[in-house]
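Should a chain be cited, it is by its letter among A, B, C and D, assigned in written order, with residues numbered from 1 in that chain.
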Amino acid sequence: MTDGKANRIGFIGTGIMGKPMVRNLVKAGYQVVVYNRSQSAIDELTAKSDAVTPAGSPEEVARAADTVILMLPDSPDVRDVVFGENGVLNGVREGFLLIDMSTIAPSTAIEVSTAVATAGGSALDAPVSGGDKGAIAGTLSIMVGGNETDVKRAMPLFEAMGKTIVHIGGPGAGQIAKACNQVMVAVNYAAVSEALVMAERSGVDPEKVAQVLGGGLANSRVLEMRGATMIKGDFQPGFRVDLHRKDLAIALATGRERQSALPITALVSQLYDALSATGGGQLDHSALITVIERMSGE
Amino acid sequence: MTDGKANRIGFIGTGIMGKPMVRNLVKAGYQVVVYNRSQSAIDELTAKSDAVTPAGSPEEVARAADTVILMLPDSPDVRDVVFGENGVLNGVREGFLLIDMSTIAPSTAIEVSTAVATAGGSALDAPVSGGDKGAIAGTLSIMVGGNETDVKRAMPLFEAMGKTIVHIGGPGAGQIAKACNQVMVAVNYAAVSEALVMAERSGVDPEKVAQVLGGGLANSRVLEMRGATMIKGDFQPGFRVDLHRKDLAIALATGRERQSALPITALVSQLYDALSATGGGQLDHSALITVIERMSGE
Amino acid sequence: MTDGKANRIGFIGTGIMGKPMVRNLVKAGYQVVVYNRSQSAIDELTAKSDAVTPAGSPEEVARAADTVILMLPDSPDVRDVVFGENGVLNGVREGFLLIDMSTIAPSTAIEVSTAVATAGGSALDAPVSGGDKGAIAGTLSIMVGGNETDVKRAMPLFEAMGKTIVHIGGPGAGQIAKACNQVMVAVNYAAVSEALVMAERSGVDPEKVAQVLGGGLANSRVLEMRGATMIKGDFQPGFRVDLHRKDLAIALATGRERQSALPITALVSQLYDALSATGGGQLDHSALITVIERMSGE
Amino acid sequence: MTDGKANRIGFIGTGIMGKPMVRNLVKAGYQVVVYNRSQSAIDELTAKSDAVTPAGSPEEVARAADTVILMLPDSPDVRDVVFGENGVLNGVREGFLLIDMSTIAPSTAIEVSTAVATAGGSALDAPVSGGDKGAIAGTLSIMVGGNETDVKRAMPLFEAMGKTIVHIGGPGAGQIAKACNQVMVAVNYAAVSEALVMAERSGVDPEKVAQVLGGGLANSRVLEMRGATMIKGDFQPGFRVDLHRKDLAIALATGRERQSALPITALVSQLYDALSATGGGQLDHSALITVIERMSGE
């Protein structure tokens, strides 16, 4: 590591999640070199802080910093940024660390990790949960896949952005954990949706049902956090349906590759697809309840 | 209410749940007249306490006490005890209150309530959650359907047996809430099962996944209480698969009657049926994970 | 058998199916004693033919004829007519044969068979497929459960009403075969629905797809008979959704009793329930395609 | 078209399907230039007929013939052969026609079609059904997507290999039809599986059930062709489970892209995955019944 770079971090992908994450890094004392496809997000960041400087391409970011964080929407975006023309891979060298915090396919994460290692560097997959609120508050949960040494090196960065940080396993393990997370959340939404619609269709106050069920084995974070808004029909995102659909497609593809049965997830995924097909793609994922309502005759 | 009866309660069905509930009533100062199909449970209760006395039939129980509690396995049992020869209905009179704490079909609960009202008495449906541990500890959750006045009258009894007591709505509402509870629990088990098997099949430590997921939106009481034992493969009941299957059949029948869609529950119910068909009917309901494991090639 | 009764048949339930079946029996030379809950259907039959005479109750029918056919909507109707006040059971005697051609639960069929046998008679379950068209044309498929001797005795009657007559097995076996039939038909409708909607949503002419698929392994009677009308959106019954829902509930209950997994049927049943909940209960069962269309954003 | 090439056809992919297709082309009088990844299949073909000559790469095939047929396992294989180093695309010129008879993703088919058109040629997607038996007998069903002119030009070739040839629509339409075919076949297998297992579990002879159901609306080609072998447990391929899984993955991805709901297919796909995970990947796809048997307690 050269002197000047020690405190300098690269960051690619400064959207709804990436922007506040950069701010938290700056707050923690880092210099951040950023790249984003659309310029406006960069301008906003550089205007507000001298610690943020722009770069012209992913490759430039990689050449400017020994540690580069990615926060991108999907697997193809990560592939473009890493393997594409002027991509990060061109700048990989000994001592270089790539931390991909995007939620992508575990198979892509492993491919990236292998390519970076072949080029002399190393990589972590470190997807997060907690949404934009967690990104702003610096309280993200971070699920990390990769080598112990690299995880240790990345820890101060993770601590600047998140609260619960768990080293899950080797390359790809972070993405596997995230896929598990998205499976659980989606299916728990289905549980709450079917139960509350049954209450309502049976002439019973769903709020009272939610109240008594919340005290027992039926309780879930989804019921606690979203039960009331689901009953009211308030589906302001939050986490959008179309993003969750992407994540469920990753989980289902992973299940196919790893011979892991996901019958319930497969069906919940179809219900989310139906929600998107009927115009709900931009709603909060708790809007799954409207699919069940519509199937129940509205 | 005649004098002698004021403190006397009838109790029909002194099985795993009923027996400790009777003991908690005795502790709270009640005299309890009990009836049970098999004699041994009655003998055990009467041997241990002078406050418990046996009766020869459901009708006798009803004639001996103004308030009678039922704790029976299923709808047909309740029908037998209420409508059968020497049944409770023969003893119903003005001022009589039937409290059915069994988990049965909401439609049967309403039928019972109507019949008791026609005979001059009144009825509550008041199913519980919390299992035999909750019954012993007196910490059951009780979901009550019926009239306000009757609920008030029953409250001291409920407080002797439970902790969270919620008056959900009119006749049948307690059973609806219980059906919602069983839907949520079953589907949450499916969520945890599919996610943890995917972790394991992907070579990732399911305990670490459970740990990080427990801190976020994916968390559920099922994950907290049963995640670790599901990973270990410890399926000591707890609540048996075949009982949960019965409850899911009630939920599905209710969905059909009330036009409430339960696609996910219908599928989870089939997985529970598969578990029972392959010999798991007497295991704890958390054993659902073994169905997913078997579908995943183990 | 007394002389006068030899050629006399009892028939209970003269609805859309029963009426033409009675006419075919008359055509074949039988005297038919009929009973029906609503009088109008009886009047219509007796007005048109001297061979049809009315009776005042199921019991009267049973006393008037040694062989009695039932053609009723559902299990509770059969129970009422057989076990109810003035029911058939009161008239059962040695040499008496009950032929239940209704589609009901196999468990009820077995219960009826046992009760009739206990009373000295015998019973067949003989549900049909082929609809009202088949009933009028006398070309029904008849699936028979019961003893060989009774099936032989009933054969001339079956031949007057149907074309394909198969003795499936002992008591209840006819109803099992019918349940299998309704499972296959429902799931085949799901197959055609999902495939044709995918064609249409992909901008491909579903008629051309139906044409080419009809020539290969994908073909089914459902595709042949209903593919074109499903594409056009013509859902004139035919066989109504709500009747098929009843039959699927029978199949699912049978699966639960006999430990037979029906995951796909369980889900298709939910889709039929959704169709009914959204107002389609009286449409032809081929209207299942509209559920898939609606889930696809139309 | 140059003189010498007029009667010459290129063929890439001479596996179980491709080999007999080449033979049928030779029978019809064509000279065939072949390429295959493994050499043995080529040697076998060239040894048996002077009309077959080998080429060193897909590009060489394209340079040697104005019309080139592909018969490859999956989308990535087609991409390699078309877009890869020494790929077909290098040889595309005006008047060149690529006929892709592989079963691949409609989106890949469209991508190939566009690329070939950009290079001055044209392309058809023309997947088949009928299996290796149909390939040998020259009785394949061929579902064609592309322009009318190209379809006319290809017709003599199609007629040498198939019987039912339907021009479905524009580029990709053939693959859409094939995806619809695979959906229908898979779901029809599920229908037959659940019905026959229910018969057997209920103590009823499944052969008799198959016999009577085959005469009515429940009938399907799957029941006719495979009912008896499914009952016997004879799962010699035929069409292998793992190939059908690939095709269902294509259908599900297409459903996601085109907003077409496939809830039943999604679940059947999971059952096929379970069959593969438990060691059945190389069995005939009719082995789906074993998954239902296993869920029913074997």
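By definition in this document, contacts are C-beta pairs under 8 Å (C-beta built on N, C-alpha and C of every residue); 3 or more make two chains touch, one makes a residue touch a chain.
Predicted model, so just to flag it, every value in this text is computed and none were measured.
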Labels of chains that are neighbours to chain A and to chain B: C, D
A-D or B-D - the one linked by more C-beta pairs in contact: A-D
Interchain centroid distance [CA atoms averaged], chain C/chain D, Å: 40
Rounded Å distance, chain B centre to chain D centre (Cα mean): 54
Cα-centroid distance, chain A relative to chain D, in whole angstrom: 38
Junction residues of chain B - those touching two or more other chains: 255, 259, 261-263, 267, 270-271, 273-274, 277, 295-297
Complex interface listing, chain D residues touching chain B: 263, 267, 270, 273-274, 277-279, 294-298
Touching residues on chain D, where the partner in the complex is chain C: 106, 129-130, 141, 143, 164, 166-170, 172-173, 176-177, 179-181, 183-188, 190-192, 194-199, 201-205, 208-209, 211-213, 215-223, 225, 251, 254-255, 258-265, 267-268, 271, 292, 295-297
Complex contacts: residues of chain A adjacent to chain D: 245, 249, 252, 255-256, 259, 261-263, 266-267, 269-271, 273-274, 276-277
